[in-house]
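All chains are identified by letter, namely A, B, C, D, E and F, in their written order; residue positions are counted from 1 within each chain.
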Amino acid sequence: MDKLINLFVSSGIYQIQLGQAVMIAVGLGLLFLAIKKNFEPLLLVPIGFGGIMANIPEAGLALSAVENALHLGGPEVVQQLSEMLGVSGADPKAIKEAYAMAGQAKHMQVTQMAIDAGFNNGMLYNFYLISIASGAAPLLIFMGVGAMTDFGPLLANPKTLFLGAAAQFGIFATVLGAVGLTSLGLMDFSIQDAAAIGIIGGADGPTAIYVASMLAPQLLGAIAVAAYSYMALVPMIQPPIMRALTSEDERKVAMTQLRHVTKTEKIFFPLVLLLLVAMLLPDAAPLLGMFCFGNLMRECGVVERLSDTAQNALINIVTIFLGLSVGSKLVADKFLDVNTLGILLLGVVAFGIGTACGILMAKVMNKFSSTPINPLIGSAGVSAVPMAARVSNKLGLEANPQNFLLMHAMGPNVAGVIGSAVAAGVMIKFVG
Amino acid sequence: MDKLINLFVSSGIYQIQLGQAVMIAVGLGLLFLAIKKNFEPLLLVPIGFGGIMANIPEAGLALSAVENALHLGGPEVVQQLSEMLGVSGADPKAIKEAYAMAGQAKHMQVTQMAIDAGFNNGMLYNFYLISIASGAAPLLIFMGVGAMTDFGPLLANPKTLFLGAAAQFGIFATVLGAVGLTSLGLMDFSIQDAAAIGIIGGADGPTAIYVASMLAPQLLGAIAVAAYSYMALVPMIQPPIMRALTSEDERKVAMTQLRHVTKTEKIFFPLVLLLLVAMLLPDAAPLLGMFCFGNLMRECGVVERLSDTAQNALINIVTIFLGLSVGSKLVADKFLDVNTLGILLLGVVAFGIGTACGILMAKVMNKFSSTPINPLIGSAGVSAVPMAARVSNKLGLEANPQNFLLMHAMGPNVAGVIGSAVAAGVMIKFVG
Amino acid sequence: MDKLINLFVSSGIYQIQLGQAVMIAVGLGLLFLAIKKNFEPLLLVPIGFGGIMANIPEAGLALSAVENALHLGGPEVVQQLSEMLGVSGADPKAIKEAYAMAGQAKHMQVTQMAIDAGFNNGMLYNFYLISIASGAAPLLIFMGVGAMTDFGPLLANPKTLFLGAAAQFGIFATVLGAVGLTSLGLMDFSIQDAAAIGIIGGADGPTAIYVASMLAPQLLGAIAVAAYSYMALVPMIQPPIMRALTSEDERKVAMTQLRHVTKTEKIFFPLVLLLLVAMLLPDAAPLLGMFCFGNLMRECGVVERLSDTAQNALINIVTIFLGLSVGSKLVADKFLDVNTLGILLLGVVAFGIGTACGILMAKVMNKFSSTPINPLIGSAGVSAVPMAARVSNKLGLEANPQNFLLMHAMGPNVAGVIGSAVAAGVMIKFVG
Amino acid sequence: MDSPSLISEGFTLMLAGMGFVFVFLTLLVYATTAMSKLVNKYIPEAQPAAAAPAPSAAPAPLAQDQAQLTAVIAAAIKQYRANHKK
Amino acid sequence: MDSPSLISEGFTLMLAGMGFVFVFLTLLVYATTAMSKLVNKYIPEAQPAAAAPAPSAAPAPLAQDQAQLTAVIAAAIKQYRANHKK
Amino acid sequence: MDSPSLISEGFTLMLAGMGFVFVFLTLLVYATTAMSKLVNKYIPEAQPAAAAPAPSAAPAPLAQDQAQLTAVIAAAIKQYRANHKK
């Protein structure tokens, strides 16, 4: 009987905190958006599910051994932890802060104590350590994306790289917005936080997760959710901006057919890009290096089986772990914060500004270019491959039913991937 | 010449202990059962082979760096180990015990010393650490099983969940049996050991391995071998019990056709189950959470590629490592013990009692139900998916050649998976 | 402006050292050989690309946290490191040496300090730790190779194992060559280095990497590059030697058709081999154990899905990481050394001697055998599966257009794999 | 639990365990049945994609999607903070 | 090994190594040949699934399977313990 | 950087960042264009496998391959050492 009462007292329903219930609802909401509305389901299904699991009361799936000891351990364990960390009293918050400030040696010592007291890292926390904290998962996904990317349209028209550059202004404008909101006292972001939030404007999931994991891990959940959600929303966010900034005539502009690109050019391109990264921005080397490696495997034609695996089994396995790990950052304490609303707000602004700058850049280029450039392809510079390119195509067809822009828009689209990875490198360099 | 003599002296044939020879024979026996008799070959081939490798003399493949240092190191190394652990004398057994009692910090210190002395973890020991000690492998297999499971028959007839509940009595009766044998002085099991042995009655490999790795890692080899072997033996163990407990007329009972289950119901079911677990039994959250996640990926229809990978590449990779790691627990010292015979005996009893309780529950339900229930489907409640359901179908056809019970029996069959995962959660909660 | 200058100063182009530029060129050269000349592209594409990434200035992708701290940290950090290691002054070379001499406990302490100072392991360094330093990647590749190997031709004519034995003389002659060059003062190899270099003559990539990672990790890059390159060059290295050592008549010898080998024999063979290894050479147990395990999965016929995964998804994933990790050992400091030229020279000598000994052994066997043996199949004993067997076949057809030696040469070919794994075990035993 | 005998520990575990398994699966029977009824009532199969009234033209539901994302999370934060004022 | 010169170490390694490789592969030749003979004698291909005399009806070998599992392990333990009485 | 305000840090990051992104992608435009021109001039598609003059018979390029490997690495080491004599 004692045991049954004990079972009930320690059951979720008795212990649940409001925040956890709310976050479980958020997780269900993400699953709804993913499954019903088709919002980037490959990521949002694992993220949403991971978010629910992370908020199961008393299970501690998303917590480290030390956090579990602090939360579930009796007063004796907490006392030991506070002594070891030199905190007077047993205030969990003070202990957590002291732990965060301590060095690696102390971290290890405290963790050993927590394990000796019978506590362990939660399952999702382990997934997070291995896939995200190590940096491996976003890089492997980037390798897979590289193996899926065809740089043909970009090589046929390299000028479209400028569109991919212009659209990155969304990233940096958002950084400014984030520090502005902080200066106004509305939010509380450091420059690292601002940089990580800005990268949402890159419209590139793995880049956003990689940067956030390095600069602002505590915001990773919100940033990843915003990045993937807005990528799914590109077909709604972009068209009004595109229509507002272009005239009917501009949208009708037909572009000359892309030249044929040889296999050899495609093999050399990832090497050229890698060498440029090596020379100019070593901090972007992991991201762009793995991207180029994936692309080289794709194009070189002699390692089909590796390329296939990078595009299928490997990227799928990594996606499962990455999604669950991002979900583990949706624990109530860290997510239910006014800063999360700020991130959502800034994220959509970033997408908007990036879109607008891409369009405007395309209009400028159209003025100076020998061959006509339809400004609609500028918006594809934010990346969000291939959705943004499809949006450009769709609006082009609306204006002129013979005007197929899809391949033309793929150039800026993949340029946007490179652009935001470069922006990520700059940020890691300066504020990392 | 010295080198050649040295080579012979350190060769396996000179150093082999009887126990190792016996265990190699056991490993070959398991391979025979797997390959020739088709006993769950996906697990028993790796387990059997791992068992042979674990018992190769002098190779230490299944031992930790510390164990290897203790076994292969000269008297100087052993002396150092015993000093570090505060043991007087150099008795290996005393040193092992002192090591087991020591805390994490001491473990690390001793391991560092062993590595400095030139010893390392064996290959299989590393596989074990990563796949089983971390808890990851059984959970990932459960995810894959979830992605392979169709809950349609269960949703068409949710009452069959009661059959899955009743059949778990085999688990708890076996716990009682194990403590009983210990009280009688015949065996020597702690309550944790008894719980881990009982779970064999759950007829669910990954659940059994997960529980055993948490409650009784030293028995893991025997428990996993028993669980998988008896699952393979379900077509022999169940029929006599089923015939004994049912009359010819009962076996002839035809069941009404199952209603159509919509896709939406199938999507909601894993979420309902997850929320119930979250509210009532957080300790079952890792197991059932991953199971539900796999099933949601399967049913939601928008992440086909993740679901495919979970059912194929990922589960296959994990199975290879899991099997070899279980095999690593078949080292002679730990396996060749009278307790192993007890485990084999108790395991078959658990299967029998579970089968009987499922049948009896089905008979009771048939009395009170508006629609007829054939008692033969009760035995499927032990899980052993899909073998137990096939056995029900076979006996049904024997009694009435028009009576196809397979789909009806799939309901209790998958209910049994849930039931034993819940039982596992209760055990981890109470004695973990 | 400051930031832009800072960006340039820390950019690769400003910081690049000559050695790094040279190694990037070597990496590009390897990619050229792999892609254009089809030199073992599955390995040389990742190795070449990894080599380029490893030499990106300032990125430190191939360096440990401690090395990065030493290289990128300010004088304060270096000072702390030297104090911790008890080195007077701040000479990086002295610090590295002191670190290499220190024990595990000190390593951990120094690493913790480096992390506290903001430095981390580079991406490629982590890949190296996980895939090669742990020993896992070569073993898993060997498992996959086992799952791809058909021992039928060997079982039909077990005597061809002698050819696989004779060809290993290339390995040991090279060891002697390496110590000879050292005694002459031309190179500087220890006996461990010599053993690792010799194994190039085994013509077996994973074996070479496994042995090098254990005996001479600092030479791993050069050894792996040599091993894979010479395997690709087998069609050029072998024919002149084969022609020189055989007469036209000998090359014309037709062999009797191979007998049919039953499935059961094929199942038993990996077990027989494993037991022999267990009895005689435990040090070869990891390599040959995993090889036999892969082969048993292939032949037993009941674990198709595991065998498929071992041959596809798993081996491909491991190959990607293994290749990049080997590439990480192509950092300028370690590779640009006269010893590397020595390794390249000795490697080709090893291939040549192995080929010659295989041929000579075949000639001897032809004398004493009841059935005729074409000496051309002897060269296949170096392994380099299946290239060497194809070379034997080609030269046989040149001499006699009706003489198909391919299947006859597959026997010594796979025997060579076993032979070099045994040689590897002996070396690990004696100088490991 | 003041050191019970092993046997009595076994009994307690059996009773608590079977009790809990039955309670849990009974609740699951009810929850599943209720879920199925609700689903078949409100999301019938013929029209499985419409959780909200959205049978209008294409662009309409789009605008609403964006709102949904923010709504999902903003509502969450609002409710949470409302309940956490100290 | 009292510090031999590098060259002599190399020689020893060569002799021991080649010697061992030949011994091992020679034994493997014999073992393989013996295995093949035994297999083809006792488990000929036409009937490859019958290691024990089991050509009767279906249910018979089943009962025997269960026995086999316990037999395999019980025999192992028995033999081991018999040899380990101190 | 003597502790600038957060806003000014943001501005600097924006300027440096956008500046660098444009510089980088501009260089990439030029590099790509140059690469394409060179490739199409020296390695035209009709004959994509011939980086070196190798349109002769089969055995000829083979001998050259072996040289290439050693050449690639030996040249690397030579050049490196030539520049590293202290």
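Structure notes:
One rule holds in what follows: contacts are C-beta pairs under 8 Å (C-beta built on N, C-alpha and C of every residue); 3 or more make two chains touch, one makes a residue touch a chain.
Just so we're clear, the structure is a prediction, and the values are computed from it rather than from any experiment.
Common neighbours of chain A and chain C (chains touching each): B, F.
The pair from B-E, A-D or A-F that reproduces the interface of C-E, where over half of the contact pairs by residue number are the same, turns out to be A-F.
When the interfaces A-F and B-E are ranked by how many C-beta pairs touch across them, A-F comes first. Chain geometry summary: the mean Cα position of chain C and that of chain D are 54 Å apart. Averaged C-alpha coordinates give centres for chain A and chain B that are 38 Å from one another. Note: centroid distance chain C to chain F, computed from Cα atoms, is 28 Å. Counting partner chains per residue, chain A shows two or more touched chains at residues 3, 7, 280-281, 313, 426, 430.
Within chain F, the positions touching two or more other chains are listed as 13, 16, 20. If you draw each protein chain as a dot and join the dots that touch, the picture is not a line, a loop, a star, or fully joined; it has some other shape. Pairs of chains meeting the touch criterion are A-B, A-C, A-D, A-F, B-C, B-D, B-E, C-E, C-F. By the touch rule above, chain B contacts chain E in their complex via residues 2-4, 7, 18-19, 22-23, 25-26, 29-30, 32-33, 36-37, 39, 225, 229, 233, 235-237, 332, 336-338, 340-341, 344, 348.
Interface residues of chain B, counted against chain A in their complex, comprise 103-105, 108, 134-136, 139, 267, 271, 274-275, 277-283, 285-286, 289, 292-293, 296-297, 300-303, 305-306, 308-310, 313-314, 426, 429-430.
Across the complex, chain F is touched by residues 154-155, 158-159, 161-162, 164-165, 168-169, 171-173, 175-176, 178-180, 182-183, 190-191, 194-195, 261-265, 268-269, 272-273, 276, 280-281, 415, 418-419, 422-423, 426-427, 430-431 of chain A. Those residues of chain F whose C-beta lies close enough to touch chain A in the complex are 5-7, 9-11, 13-14, 16-18, 20-29, 31-33, 35-36, 39-40, 43-45, 48.
Only residues 1, 12-13, 15-16, 19-20, 49, 51, 62-63, 65-66, 68-70, 72-74, 76-77, 79-81, 83-84 of chain F touch chain C when the two sit together in their complex.
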